[in-house]
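Let me begin by handing over the structure; questions about it come next.
So that you can tell them apart, the chains are marked A, B, C, D and E in the order they are listed, and the count of residues begins at 1 in each.
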Amino acid sequence: MKEIINCAAYQNGHRTADVELNKVHTVLEDVDQFVWIGLHEPSEQMLQRVQEEFNLHDLAIEDAHRAHQRPKIELYGDTVFMVLRTAHMNQQKHIEFGETHFFIGKNFIVIIRHGSTVAYTEVRARCESMPELLKNGQSFVLYAVMDFIVDRYFPVVDDLENELEAIEDKIFKEKPRRETTEQIYQLKRDLLEIKRAVSPLVDISNRLVRMDIKNISSEAQPYFRDIYDHVVRINEMVDNTRELLNTALEANFSLISISQNDTSKKFAGWAAIIAVPTMVAGFWGMNFRVMPEAESEYGFYSIIVLTIVACVVLYFLFRRSGWL
Amino acid sequence: MKEIINCAAYQNGHRTADVELNKVHTVLEDVDQFVWIGLHEPSEQMLQRVQEEFNLHDLAIEDAHRAHQRPKIELYGDTVFMVLRTAHMNQQKHIEFGETHFFIGKNFIVIIRHGSTVAYTEVRARCESMPELLKNGQSFVLYAVMDFIVDRYFPVVDDLENELEAIEDKIFKEKPRRETTEQIYQLKRDLLEIKRAVSPLVDISNRLVRMDIKNISSEAQPYFRDIYDHVVRINEMVDNTRELLNTALEANFSLISISQNDTSKKFAGWAAIIAVPTMVAGFWGMNFRVMPEAESEYGFYSIIVLTIVACVVLYFLFRRSGWL
Amino acid sequence: MKEIINCAAYQNGHRTADVELNKVHTVLEDVDQFVWIGLHEPSEQMLQRVQEEFNLHDLAIEDAHRAHQRPKIELYGDTVFMVLRTAHMNQQKHIEFGETHFFIGKNFIVIIRHGSTVAYTEVRARCESMPELLKNGQSFVLYAVMDFIVDRYFPVVDDLENELEAIEDKIFKEKPRRETTEQIYQLKRDLLEIKRAVSPLVDISNRLVRMDIKNISSEAQPYFRDIYDHVVRINEMVDNTRELLNTALEANFSLISISQNDTSKKFAGWAAIIAVPTMVAGFWGMNFRVMPEAESEYGFYSIIVLTIVACVVLYFLFRRSGWL
Amino acid sequence: MKEIINCAAYQNGHRTADVELNKVHTVLEDVDQFVWIGLHEPSEQMLQRVQEEFNLHDLAIEDAHRAHQRPKIELYGDTVFMVLRTAHMNQQKHIEFGETHFFIGKNFIVIIRHGSTVAYTEVRARCESMPELLKNGQSFVLYAVMDFIVDRYFPVVDDLENELEAIEDKIFKEKPRRETTEQIYQLKRDLLEIKRAVSPLVDISNRLVRMDIKNISSEAQPYFRDIYDHVVRINEMVDNTRELLNTALEANFSLISISQNDTSKKFAGWAAIIAVPTMVAGFWGMNFRVMPEAESEYGFYSIIVLTIVACVVLYFLFRRSGWL
Amino acid sequence: MKEIINCAAYQNGHRTADVELNKVHTVLEDVDQFVWIGLHEPSEQMLQRVQEEFNLHDLAIEDAHRAHQRPKIELYGDTVFMVLRTAHMNQQKHIEFGETHFFIGKNFIVIIRHGSTVAYTEVRARCESMPELLKNGQSFVLYAVMDFIVDRYFPVVDDLENELEAIEDKIFKEKPRRETTEQIYQLKRDLLEIKRAVSPLVDISNRLVRMDIKNISSEAQPYFRDIYDHVVRINEMVDNTRELLNTALEANFSLISISQNDTSKKFAGWAAIIAVPTMVAGFWGMNFRVMPEAESEYGFYSIIVLTIVACVVLYFLFRRSGWL
């Protein structure tokens, strides 16, 4: 896949031209235009060229290359550097994380994708179809891509909530199984990872709302507040699921104990029933000279019948008192 | 059900006229009047007409349409947009949530109901019967509807507290059952949902009390503080119930264990009692030539009587030491 | 019981006159005097008369009538409205809560008692015996009553601490019992209720210390700090007891498990001992033609003696290894 | 023991004279001197004399007499009143708490010891040997005594950490015992008490560092920061031990369960082994006319040998699969 | 090992000369130069000489000598004193902690290593190879060493995360064992120790970022922010591992219970199977004159075959219902 996905200049909300990376600095001189570049896992040389064109800070470029950052927003002079984590559920119901880095300057925005992320060509197309908003410049582009990234967390969290419901069904409707406990643990792990990716977003979007950052136009404020809202909701969903999961773990444990108790009771009940014929047989097995019915032809059969009757009676007694 | 429930102009605390939605902007020019519109699950077109009449922000209208928001208060220019969640217990003792959205401007208030909510005609009637308060304009209307919404949380939380008490009775007075654990879990779930609906209200009513919002008159401040108070109390009740529920879960667990121990002891006790006749029968079942009483006519019966006596003695011994 | 307990005017630290409620406004005109009224569960009419005399806010009067408030301090114009919860342990060792409401104005203080509270005549007597302090006016009266209310929490919390110690004794010195778990739960409930009554007091007394409230004289500041101190201590005691109680619940649970293990071991030990005679009897019960000692006269007895010896040896072996 | 331990005037870092308590006010007039008084559990009269000499506030004197305060620092006019709790481990490894109160004025410091505390004569001697520091006046005396008190917490906390290690050994290396659980509980209790004594010290020393208190010279600031550091460290040690203790409690519980499981398995294994001879004996105990080996001379012995062999084989099989 | 590892003067990013410790004050007079001294576990005399040369505070020198500090940053006049803890995993997979102390003044930096730390000669070499950055003076040296120390925490935390994964495998894939619980406890201990070393770093690096400290040049700000970022990430990793570990402990516990339940069921199943032959043998062991097949030649064998068939049928029935 090529490294430069797209590199275009925009004026007044419309794409004016595709630019070569090494021509970008000439476009930047025109303050009425802004440049939007999309990169995908760029090489070190590519990043160096980008750094030169836009005059970016060493440390930010280093971060943009390494790509194992936590979400953050930082100012290097006039340039904003932002890191977001992206997430989607793959076919095997496993969460895959990616990273997207942003450089936002006076009249440019550089977007760098890492790892398993969908391309933002869709977002670009949508932006270009709304020139009256794209007029706001790179702030609106930033909003559009952030919104796209944040909205893709909802299906992931929904999947985790469904997973919790599946676990609930297993806990309350099936017999206790080792797999259920392992699933609870895995869900906890996933929730913690999502939390780690999402919780710094609250601060980031809050800072964007508070508008204390240069190069972010104040018209975009309500839009970032919208993102803030979504982020808070995702956080709340994750926390909720986490707290319910903890309760589920404990409920699971209670039910394991109850089920253990049921096992003991069932065992005790059957043991008591089986004790009857053993006892009877023991008594008539004694070597006394005189024993009732011992000489009778139907003694054996009548004793067996009596024993069975006693067992059946016991069975229903235990049944009624809940031991069987 | 129709979308526009009511649309009227008020002056000096009295309803002056019912207005058509498309005539509203003419009324709004008169600063001495204010317009109060009540909508119920409006269509997109209806919302667009409302947006045009009152000049509302795109994002707020989008939110007002979608209706799966968390409670919040936001300023779009001079207009306040507010989202509240409503709750009531249905017949099946299941909490149903709805949403009510507010737009409050210089001299108008738009109230939009979504989902399972009671109509606010009752509130409107009460407001119109207090012209000296309704004189305060849309702030008082906002207070009246908020108060109505918040007060309807009390019976819901009371029901949850009663549910906890029912669970306590099951835990401490009945035998451990799987259903109790499931009920605890369901109650936890309900409490978390209520919490999610109520806890943002603390911030919202606090902001209304701090009076930093335009278009909310300062005369209404003590009223919003009253709502703040109620909200804090509901929150406290929910937190309390939640903490007690956690303890109940653990207490339940302890009692399951004790009951398990009782089962084991009972089983052990009966096993010991049954071991006596088995042992006796075993001994007289041995094939020795000389055995006591073996030749006696009443040997069999006397052994059986002795065995029963031994069992009864054992039974009372175990009883006394708490094993039976 | 009458509604108006007392209604007197004070000047320079001395009671100058008993006043009729409807004459109060004439006294209030004299800024050198202050009026102290004590009410007990007043009717709505009574409250209305008080409201008129002192010119109090509607919402505060409504609160003062309903009496199911959480502790709070609020300003309605120049008048401070305060709600405190009172507590005492009744004969059945059950905590009874009451409420006391205060209205403090420029030169008056109205104190309204609700529910199970002791009368404040004792406090009034003490105040009147200290004219040099009572000179400070209604602030000192407020302090005196608050101090009285807060100090009465100490014996209640002491009782709860003793209850915890009683529970500890049951856990560590007696056999696990269902009642202990229920007592732990009840204590937790009580602690939560006390916490709910006391924790808002920290903020209230802190606000009184910070002296940002009109009509509270700055001379009273060290006195309110003293109350603050007591309140913090009560809070700490409650939190401490709560944390210990949680540990007690878990310790209780551990001991139930150990005791269960002991039951299992004891059962296993006795089962093993009983297995010996059963096995021996089984072997000599076999129908072989030739068996050792079978023909001997003392065979039966010697086998029984041997079996008993084997059982005794086993008993001591198990004893030593801790299974019995 | 006498109430006044010491009462001396200091100038320029050197002790100039021992003063009589009732002469103190004459010394206080000389601003170049400061007076350092040490009291031990003074009577009410003694405190009244001190109050008169130094002109102290009623409430502070009341506190100083009662001695069941939580650590605090308070300003009464120009005089600082401070309460610290002291702790040491007695011979029976039980923590004994005491209290030390300080009054610090323009040129005096009064130190009052209560309960089980070591005398501060040692501290006084050390101070007098460092005249260049004692020149800083009462601030340095305060530092020296505080440092002494705080440093004596370290051996106490070390003892609690050792106690935790002893408990760990019992949990992981010995069989589960009731005593271990009780020790965990007692340690938790001790930790909570230490925490209660130490945690307010963070605020107190922090306030002394922030230097917003009159009569504390700014030269002493680094010294109080040193104390702050120690206090934070003690707090951290206590919190750490507490969290480890919670984990230990849970680990203990897990191990009790494993040990219970082991008991069950061992019991099941032996029961299975014992079932073999019982079954064999049962079969040859049947009254069939024709049974294998029944008539043989060595039938009995060969059956017994075969049974023993079967049991031994079973024993090793269970051994290998971990049931014995 | 010698105490002074290195002592050199730098100007304009280049090392200009190695200096003798007692000549340092002459170099310090030249404001264009700065001195960088590296010490290793210096003696008290050595520290005294350093103190004299750089004019350091008594308390800081005391701290630098003792070396059992918690990480902190402190200002003594113009000199910054900083304590960091270093960590590495030794061969036995045991964490070893060391300490590094810094004194940063107007134009000097003193770095003192204690305990098991790697020498910083590598860092010095790297610094000297970047003169354009070393030009920033002692701030950059501080950054370089801090960065080195912080980066060495990553492999330690990675090791702990791997340890957790190993424990997970043991919990979910193997039988419950005492060792697993002990490993969980040890990991918790390690995590708490790392936490204690790392968490104060957040504040320290944050203070360095906020630039409110003299002698730290503002050019270094982005670099310290980079360290802040790493520290926050390490903290997050530790917290994450800790929360997962808690869940692992509980999951482990659930699985122990399930496994206990399995033991009980298996035991009950086998007991039921063994009860069949015992019962059959008991019946035919009774001494009735007339019993079916008793006289038949193949009676014994046919009964045994029937019994075995019954047992096998039972075995498969239990198998299907999950008891075996």
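In this section, a residue touches a chain if its C-beta (ideal position, glycine included) is under 8 Å from a C-beta of that chain, and two chains touch if they have at least 3 such contacts.
Everything numeric here is computed off the predicted structure, so don't read it as measured data.
Of all chains in the assembly, those touching chain C and also chain E are D. Separation of chain A from chain E in touch steps, taking the shortest path, is 1.
Counting the residue numbers used at the interface between chain D and chain E, under half appear in both copies, so the two copies meet with largely different residues. Rounded to whole angstrom units, the spacing between the C-alpha centres of chain B and chain C is 26. With each centre defined as the average position of its C-alpha atoms, the distance from chain B to chain D rounds to 42 Å. The set of chain C residues that touch two or more partner chains comprises 250, 253, 257, 260, 264, 267, 271, 278, 282, 285-287, 291.
On chain E, the positions that touch chain D within their shared complex are 57, 59, 69-70, 72, 74, 76, 175-178, 181-182, 184-185, 188-189, 192, 196, 249-250, 252-253, 256-257, 259-260, 263-264, 266-267, 270-271, 274, 277-278, 280-282, 284-287, 291, 293-300, 303-304.
In the complex of the two chains, the chain C residues touching chain D come out as 168, 172, 222-223, 225-226, 229, 232-233, 236, 240, 243-244, 247-248, 250-251, 253-255, 257-258, 260-261, 264-265, 267-268, 271-272, 275, 278-279, 282-283, 285-292, 322.
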